[in-house]
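Here it is: the structure, laid out below.
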Amino acid sequence: ACGSNDSNKNGSSASPQASNAASPSADNGAKKKFAIIFKNTGNPYGEKEMEGYKKAVEELGYEAILKAPDQPTAEAQIAMIEELISQKVDALAIVANDPDALQPALEKAMKAGIKVLSLDSAVNAQSRLVHVNQADPERIGRTLIQGVTEMIGGSGEIAILSATSQATNQNLWIEWMKKELEDPKYANVKLVKVAYGDDLRDKSVSETEALLKSYPNLKGIIAPTTVGIAAAGKVLTDKGLKGKVQLTGLGLPSEMAEYIESGVCPWMYLWNPLDVGYLSGYAADALVKGTITGKVGDKVTAGTLGEKEVIADGEGTQIMLGDPFKFDASNIAEWKAVY
Amino acid sequence: MAESEYVLELKGITKIFPGVKALDDVYFKLKRGEIHALMGENGAGKSTFIKVITGVHAPEEGEMFLNGRKVDFTHPTDAQKAGIAAIYQHVTNYPDLTVTENIFMGHEKVQRGTGRIKWSEMHQEAGKLLKELGASFSPKTLMGALSVAEQQIVEIAKALSVDAKIIIMDEPTAALTKNESEELYRISERLRDNGASIIFISHRFEDMYRLASMVTVFRDSKYIGTWNVNEISNNDLIVAMVGREISQLFPKKEARIGEELLRVEGLGKTGYFGDVGFTLRRGEILGLTGLVGAGRTEVCQTLVGVEKFDKGKVIYKGKELKVRGPREALRHGIGYLPEDRQKQGLVLQWSIGRNITLPTLEKYAKSGAINTRKELDIAKRLAEKVSVKAKSVFDLVSSLSGGNQQKVVFAKLLTAELDVLILDEPTKGVDVGAKSAIYEMISDLAVAGYGIILVSSEMPEIIGMCDRVAVMREGRITATLDRKGLTQEAILQASMDDSGTRDHAARGARA
Amino acid sequence: MEQRVLTNKKEFSAKSFILQWEWLLVALIVSVFVMNANLSEYFLDYDNLRDATMGFLDKAFIVLPMVFIIMMGDIDISVASIVALSSVVMGDLYNHGVPMPLAMAISLAVGTLCGWINGMLIVRYKELSAVIVTLATMTIYRGIAYILLKDQSVGKFPSWFKFLGWDYVGTIPFILIAFAVFAIGFWFLLHKTPFGRRVYAIGNNPTAARYSGVRVDRIKIVVFTLAGFMSAVTALFLTSRMGSTRPNIATGYELEVITMVVLGGISTAGGKGRMLGAILAVFLIGFLRYGLGLVNVSAQMMLIIIGGLLIVSVAIPQLKGRFAFKRKA
Amino acid sequence: MSAHAQSVKQAEQVVNGGRSMSAFIAKFRELGLLAFIVILAVGVQIRNHSFLTWENLTDIATNTAILSILAVGMMLVIITRGIDLSIGATLAFAGMVAALTVKHNPGLHPVAAVLVGVGIGIGCGLVIGFLVSWMKILPIIATLGIMNVFRGFTFEASGGKWVSAHQMPASFKGIATGSFLGINNLILIAIVIYIVAYYFVSHTRTGRRIYAIGSNPDSAEVSGIRTGRILMLVYTIMGGLAGLAGVLWVSKFASAQGDTASGYEMSVIAACVLGGVSIAGGVGKISGILLGSILLGILNNALPMINVSAFWQMFIQGAIILIAVLVNALVKRGIDRNNLMRRKI
């Protein structure tokens, strides 16, 4: 996993050879349009994802349209989908605020001949041709449990600090965490509570504090959300609980650098949002060109990322970027500048 | 300019409100150490004049001199700084603040340097002022908890607290009983003896005779003249104020008094009035008089259901009646002309026609929609009937003069089929011409068989128009007088005498 | 006494006809069209414009009763929560086997009930003011939606349900027809019936209205109940557009709705404005957003533009008033 | 006659009792809120023994500090019959600008960063004050529009990026985490603001005039109070406090985002309303909003601690707000009724 990530990084930072590919189709009139809609604006993670997408699209010589509503709501995304249908874009990649609520809008888009794919936060199988998955939810869930178990030395109480109670990704990961915990080797690890910080700073902080107080023996916190893990890192730092309560989860390197360097969070995971976007750009292109249709077994050649295969995902199909990447004191300094 | 013998002099003041010329080329002179009465009918422009002096209103034209120097007040604080204090007619207080704060608002005592308010000193001084005025409530009481008369006392204390050289009192006695008024006279005289000048507005002749040395009269926004109180006869003064002999103002026609329409028994509302009883018959005009704040308006409002009573009963046409609101009252045939036509009677931003038809809209509605043709026809007919001076029924009510506005309110009542009319101060702030038109209308309505309750503070009006008069004081009916033997003295006696109920000494012991 | 004659024939005044707020809105809409047509080749396209209306009309249903509420000098900030609760109730019931038409009817009833509760509280506790009452019920209604659905979303509605938000009658979107019907209904209610006239009276002078026999409390209850009902109507269309529902739908709708009403020239000081203005404002904001969206203006820029438009539009009449005032004094 | 005298006496006793009774009820409001808080605290303590610990109480105080600071400004605004919906946006904007400033000048003294935030806040407040007092735009509309504009500015200022912990110098983060005499800075700042605010509203002329113009704007006009200036001042204070809160927020959470504190204005208004500030103007006490903020703070802290399901929390908060304002209204009616009984007729 780590190996592939190294190449990702190179690929996404700057690749002179790839950008040359942009020149042939410079004629404006026929320039194909590839759109991406993120959850909401002003989110650096999202900015990176859109940046990666844009990079791929421009490498391919098309025009990239990046959109994000000011509030993370499905309603606003529906309006944006309509706008993109009107603009007759060729492909539409979406990071969904709701897996089901976009279905009618996306179906309309597909009917209008637009190739629809989701990335990161999926829409349901009927609403897309393919999903670009940043990492296997099962792997995320299981890895996080394995990680926290290692941190707390194999036994003790743990808790989860999630985003909103509605968040699809998080809920899926938490399910896998619970599955992993069923394994007898975790007999001594007890999940005491799933708390919801709603991805709000203040709420995440008070939820973390409540966890610490309600469960004085708490040994570890898993926060599979970037706002939550940063808030928890702050609380543990301020309360001087470094080493007493372990923290891991999914966080942005730039946000978490402080806490990883200090040891409050020994390590955490994430993938490279640039790569998620980048892969999606190529997947979109393949869909538009018709080289793939989104069925299992199709293969996408994704620029610097190499070849990726479409695999099954419940009722739908997906393209897996790779395993989550582990950030720890050894590599965080390098990554905090990237995203 | 030579040192003037006048502390205050105003020349050629004109003030125009939208639709009303409230002051028209008015003159006024005030000497040092003088108590000067300012008189005139309702709406003559007295209060407006005061507000010009105190900088609340900027006049369109005219000049003002203070000790011979021309001044130009653009803001009330300018007047305050110049040593002018005013007690406004309509209580202008802060119900959520304490009495002390109300007294010292605008000139709080503060520590020099830090700006910290010296509360204890202010409370003490407020207490002293209140005691001087014979009041007994604590200066820490919330203003909103006081009665109208008590609030009036606070207003007076407020004016006294600034040590002003010119003090203006706009109807300060209107809500006061005899004893309280007496207290006020004494204080005014003391202030005068200390060199202050006082402008005193009142509708009560006895106030003027008791206090003032000079009297200035306004009529219809115009300056009529200034006289030495000793030099002008009562009759001439009335002519100056009213513009004609008073008798011709009241065209009372004989109406046939019919069956009983309304009987009120033991009506009471906690904190407002108690044990009110009277009867009203068809064709009869029943006067309801008393001091401001005596509770007349409250009684009327409970009759039409704006307020709720908690004791007693109302019998209407032989049956007990409990209305839940003005709409029900209208349905039953009881109409109310409210006291404050601008706030309660009219939608000022609306046209004459719309105002007139508001109470009975459903009459002109056909299958849900308002039939505008029919509506406008009725509006036109009624507006003409009460002879509103305007060009069309689309003219905005806000552009009309007070009297014509009042006529529109009358027209509203005429749209419904009513038996009882309750008229609360129908001629307040109405010019003389409109006044007599309104009196004629009232008379005609009585002849037409309406039972009319006429609430008024004006003695001549009550005496001139009513068949019977009920006098209220502090929420109770103290006398019911017949037309025969109805005199000003009898009414005043009943409305102002405060033997009995109000007892300041007893309250003082408590506070 | 002299007899006066008043006319009751309205003279046509060109000046007052031209100085209507609605013309300003029309002018704005025209300039939005011109601007957008210049910016994007896709704007002046029948299909696009038609489909754009489907995107912004869902909340427009609430604009209609909100005109009445703001006209009376009140405000209702709980409408978005009522949308969420009605929608969640409908989804939950349907997923528990209640037939869809019945679930829809119950959803409408729930919305209406919520509105009625608002109205009752506002009328019974006058000292609280509508802001506070609806601030509290806003939290409560959405809170109930969360209690009902927890972290689930429900969907899988019958396929015909999609008709509401996505289909056409002929070539006209059904939601546009529905909005037109309701808009005409509310326009009629406000401008042609005694009820509407009384609402204006309350907005201008509630005391005088009461003394003139207008049952102010009753009218307020009716209006707030209507707002609840229309919120539930919005819930139907919105749910249809989303194909599913969850407790956090329609967040922030209350402010968008209020913005449209105010931009429509309805005076929050009460008693002024017309239904047509609010309806024009719906289309103005809708097409403005759509047009800016077509050229992919960023969300933050959109916020600044809409906020600025609101401020400027309420400032214009003030400026005019000040100017007039200055000339007189 | 003697019967009459007797009835007078009786009336007097009623009056007498009435007056002290109404004074009692007026106090009762704050006492009632306090009692409610105590009962709530005891109830929570029974369910979770770590509630009434020094540490938890400090946490509550720290987390409530920002809310309570904003409540001071909001109280002043509401007393003048206004409302400010833009404070969440002002907070975010000021916080973002302060964070960007320290990001680019890591050597900057934290006090300077605070001043930057407060300055931005004051600027925002002046704009609103201008719209409300000069343009005579209703506060709710003016702040609704401005809220969008400032929020847009925040996103524009940051270019869609966040300022995260590692980009902020330790001294800046220390503003919120540091302590003086063992008390967290946030709590100290809040205490200082409350003391100053208390002094301001009850011991200075300007403070009292804020109440006066809310209690009766017409009287204020004739008694020469410069309403426009006071409104300007009130919105500027609100803006300044929101700016300060922005810096504290960003420092406390070590993160500045475009959507910081989005919707926070509702919590602040709720704290004021719970604390007995009347939307009709003229009424509001510092002690009231302090209790109101504390009640909200306790709810935020306690509901998670006693394992109230996340799905019930919103409902419970709404219900408590509604009940509190209804009780408040009924108590006020009681006071009014007592005042009426006191009157003699």
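Each chain carries a letter (A, B, C and D) given by its place in the written order, and its residues are counted from 1.
Note that contacts are C-beta pairs under 8 Å (C-beta built on N, C-alpha and C of every residue); 3 or more make two chains touch, one makes a residue touch a chain.
Given the structure is predicted, the values throughout are model-derived calculations rather than measurements.
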Chain whose Cα centroid lies at the greatest distance from that of chain A: B
Chain A and chain B: spacing of chain centres that average the CA atoms, whole Å: 74
Approximate Å spacing (C-alpha centroids) for the pair chain B, chain D: 41
Whole-Å gap separating chain C and chain D, where each centre is the average of the chain's CA atoms: 30
For chain A paired with chain C, centre-to-centre distance based on mean C-alpha positions, whole Å: 37
Multi-partner residues of chain D (at least 2 other chains): 151, 154-155, 160, 258, 311
Sequence positions of chain B contacting 2 or more other chains: none
For chain A, residues contacting two or more additional chains: 40-42, 70-71, 165
Contact pairs between chains, per stated definition: A-C, A-D, B-C, B-D, C-D
Chain C-touching residues of chain D, taken from the complex the two chains share: 83, 131, 135-138, 140-142, 144-149, 151-156, 160, 258, 266, 269-270, 273, 278-280, 311-319, 321-322, 325-326, 329, 332-333
Chain A-facing residues of chain D, complex: 48, 50-51, 53, 55-56, 59, 63, 151, 154-155, 158, 160-162, 164-167, 177, 249, 252-255, 257-262, 300-301, 304-305, 307, 310-311
In the complex with chain C, residue positions of chain A that touch it: 40-42, 65-71, 73-75, 78-80, 82-83, 85-88, 98-105, 108, 164-166, 171
Touch list for chain B against partner chain D, complex: 51, 54-56, 75-77, 79-80, 88, 92-97, 101, 105-106, 108, 110, 115-117, 119, 144-145, 147, 270-274, 295, 474-476, 500-503, 506-507, 510
Residues of chain C that touch chain A when the two form their complex: 40, 42, 45, 48, 51-52, 54-56, 58, 146, 150-151, 153, 155, 162, 165-166, 238, 240-252, 289-290, 293-294, 296, 298-300, 302-303
